[in-house]
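Would you mind keeping the following structure in view while I ask a few things?
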Amino acid sequence: MSTTDSVAWPGTRIGARPLAERLHGWVTTVDHKRLGILYVFYGFTFLLIGGVEAAVMRIQLIRPHNDFVSPQIFNQMFTMHGTTMIFFVVMPIVFGFANYLIPLMIGARDMAFPRVNAFSFWLTAFSGMFLYYSFVGGYGLYGLGTAPDVGWFAYAPLTAKTFSPGHSTDFWTLALLVSGFGSIGTAVNIIATVLSMRCPGMTLGKMPLLVWLNLVMAALVILAIGPLTAAQLMLLVDRYLGGHFFDTQAGGSAVMWMHFFWVFGHPEVYVLVLPAFGVASEVIPVFSRKAIFGYPIMVAATIAIGFISVSVWAHHMFTVGMSAGGNLFFVLSTMAIAVPTGIKIFNWLATMWGGKIHFKAPMLFCVAFLFQFLIAGLTGVMLGSAPFDWHLGNSYFVIAHFHYVIVGAILFAVFAGIYYWFPKVTGKMYGERLAKLHFWLFFIGFHLTFDFMHVPGLLGMPRRIYTYEPGRGWDAWNFVVTVGVFFQAAGILAFAVNLIRSSLRGRPAGSDPWDAWTLEWSTASPPPEYNYASIPVVKSRRPLWDLKHPEDPDWKYE
Amino acid sequence: MISIGAALGQATRPALSPTDIFAPVSTPAESIFDLSLLVLAVAGFIFIIVSGLLTYSILKFRKRSNDDGREPAQVYGSSQVELAWTITPVIIVLVLFLATARVIFSVQGAPHPKNALQVTVVGHQFWWEYRYPGLQVVTANELHVPVGEPTFLDLLSADTDHSFWVPRLAGKTDLIPNHPNKMWIEPRQTGVFLGQCAQYCGTQHAKMLLRVYVESRPDFDRWVRQQAVAAQADDPPSEGRRLFEHTACINCHTVQGTAANGRFGPDLTHLMSRETLGSGIAQNTPENLRRWIRRPDDLKPGSLMPPMGLTDQQLDAVTTYLTSLR
Amino acid sequence: MFGLIAAESAVFVIFVVAYLFYVGKSASGPTPAVLHAPIFFSVCLLSSSWTIHRAVTALKRAEVGSFVRWWLATIVLGGLFLAGTGLEWRHLIVDEGLTIRTNLFGTTYYSLVGLHAFHVTVGLIALATVSLFALFGHVKPEHAARVDVVSLYWHFVDVVWVVVFSVVYVVGR
């Protein structure tokens, strides 16, 4: 993507370098842009695989007492689907965006630690492969191997050697242990880069919001992955050294696993969502032609969310039998986090208010993001009311809620980001009509599936069941939910076709196709390997606005 | 709002399904229902306002085709507006929190009358054990309770995590090994109420169904008397009973009054008093019973009862014996 | 390095929490009463923080020879600490019959102390690597900042030992 042979010296070859050499370049790269692209490709590949796992489950659940797959396979499907989507789809995509964009947005030439960057990527890549090897290990491919089947949060004591004698749990544990190290490496890299490599004039209060959101995300990764690592080490001690951390027969505590897991698990979902907020905070202003409303409050709200998110974890455990006081504390913290989150929604709304909204693909996805994230947040508040959660928890209502966040908010924001920065990364414009087709197909499919999924939860359908009884009123809803899957698949197909076609034959985009305002749009598309010929100097949050509007620059108002 | 909900709840709402959480027939479920109305109303209100504003903004502020290409006025923020939309959510959160706190304390801190019915529920992979300590009753999979009185459940587990969820009677509470939990129900209507295990516990989590029989006091007392009686001892023992007692059956199952006292599987003393088999997955008929004994995996693949490898004749004999256990 | 330290601290916090939660809950088997606080070896480890500090200061003042001596002293002290842990564990396993699988105390004790010992080992390997470079003359005063970062990790390991020591040998008994 970035090196050229445009200078021809006598006796040298003109033209593209041989394939082997180019592949070698990609495999050994430490360039943040290439690693970013590798991460995103990796994530999208696993999105397809995770999507197949979801489709298998939905086909099995399309009617009661279906026998599309056995219970054993279904249980592997939901475990692998969850684990894949969180650790090998959204996290790589999030890290990919961060890697690609942060140095460009702060006027730097690379991340602080390029080799650690590459190491982290390959750790993550390896651990994903390792996890999927589980399908062929053990009993072999037709028995679907010994893939994990304990649920993505692997509650004890189901994971003890007594109840999970094979290696399914171990694949889960080891894959995530290794990818956790990769995540920490990337997080440390992000923090070091943002704190020490901003270009002259760019104080912390002048960085793009995307950089802020990724900074807080990285801090959360550092705090949250440790507990998961610790819990997994303890699980390994139990399973292989005869330890008793979670061995209930010896006085160990299954609830302790839940605490440790969710101390990781809840901040983890904020790790996933904050970068999505970052994308929205960059796309919405540009396509509304207005500066983001309330930048300082947005930063404060982000930090508040980061802090509060480490105190809400036991809202995943309201049914576990905590004391009334314990439950009450987590109700309060969970509802409290709705306040800064709501503030962010209002600020995005205020950014659009009074603007001139251009409905290109990135903005379509962001508008849908706003509606959907609003709904997701509201169902989250419902779940935060503990007695209500005594019904809704562990039911399809929860599944609908968190897919509303992860697909409806995060994935939609990711699509917005892909379309927005595609011209920068490839130098070519994507096809707008195909992108809009992608949007509408996926939007319809998303709502068919996840709107109606709330209802079986309200009618008593628990999660993680490979089949259900007729006569409980769940049949029709499950049918509609499954139909939505096909629309989503069609949308993703349109997306893939668009990206492939456009990167081969799209029209040249130029350095700034959107008339945007942050630094990355000042360099070529795609950027040269060194990003900037000379390190920029900035005076405001929108350096390119200042250049384009010298009569009315931002720094007069900030 | 709460009293309307209470009134709605008291008059039994038509249930959209046997497991509809909005059709409570028991006090804790009704408390949750009342709270849920408030929460839903608040959420609905917020949704209408914010999505209304969103819809308005994308319609009013979209770029028109006759756009002059100039940038709109750049507004960087407003402290008053930010204050307004911070304070309002804080107040809403406070209201919801207080309403929630009331229900938490009323359900978790409910008074426990001394003579209230007490049942110990033990979760197993993949069936439910019920023991009535004061009444010498041990049964499985079908819980009988009297109407109009509170029943307190002690929740234990013999293996992994489970969760007791009968939506029309109460919110769910988990059964966690080495972590006893308590819950209570107070049904005000007779009938059979359905539910199922709500915490993934292994292969057959999906078929660990719940059936709660709420009966009038006289009916309940009659059931208790019948359950407390040991199995009739027939002399000489039938072919089926001999087979049962000389093969591995007694390692897992109990039949009161005989040599069988295994605890791994359900108590079979009054097997024929139950309407269903396999924790609710099949009608309790001799045909189904025979199918189950022949190969449990045919009805519940992955259940922990192994096929006993009996011949047809042996199967007939054992089935006959078991159908005598009323 | 601070980022890495923060992440590792989170891991240690969880092990400490587990240890404290399970204090007194073992159904049978040896209890913390069988522990003898390893004062001497702890002093070794904590002094090694001082020696490594002296080493880094020496390098900043371009006294490479002094740096090498203090650095090696650190390694010796760290090695002594590990040896002490080994001796303690041998005594516990052979004489008291306490292993990681004996009971809750055994599991949490060996895991927590073992996790720390593992970090000490990794630290010693890092220190040894630097020594190797130093002995071949590749460590120069301009590398003081990098060496300082390595010493940060070593200080972290020592601070963790203060915490672990307090939890296991003081509070837990």
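As written, the chains take the letters A, B and C, and residue 1 is the first residue of each chain.
Keep this in mind: a contact is a pair of C-beta atoms (placed from the backbone, for glycine too) under 8 Å apart; a residue touches a chain by one contact, two chains touch by 3 or more.
What you see is a predicted model; the values in this text were computed from it and never measured.
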Central chain (by mean CA position): A
Centroid-based (C-alpha) most distant chain relative to chain C: B
For chain A paired with chain C, centre-to-centre distance based on mean C-alpha positions, whole Å: 37
Centre-of-Cα separation between chain C and chain B, whole angstrom: 50
Residues of chain A touching at least two other chains: 251-253
Residues of chain C whose C-beta touches two or more other chains: none
Residue ranges of chain A touching chain C (in the complex, touch as defined): 184, 187-188, 191-192, 222-227, 229-231, 233-234, 237-238, 241-245, 250-253, 256, 260, 263
Contact footprint of chain A on chain B as seen in their complex: 16-22, 31-32, 35-36, 39-40, 42-43, 46-47, 50-51, 53-54, 57-58, 61-63, 67, 71-78, 81-82, 85-86, 89-90, 93, 96-97, 99-101, 103-105, 107-109, 125, 155, 159-161, 163, 165, 167, 170-174, 176-182, 194-207, 209, 301-302
Chain B-facing residues of chain A, complex: 70-72, 75, 150-151, 155, 157-158, 163, 248-249, 251-255, 288-291, 293-297, 319-321, 323-324, 327-328, 331-332, 335-336, 338-339, 342-343, 345-347, 349-350, 352-359, 367, 370-371, 374-375, 378-379, 381-382, 385-395, 458-469, 471-474, 549, 552, 554, 557-558
Chain C residues within the chain A interface of the complex: 3-4, 6-15, 18, 21-22, 25-27, 99-101, 103-104, 107-108, 111, 115
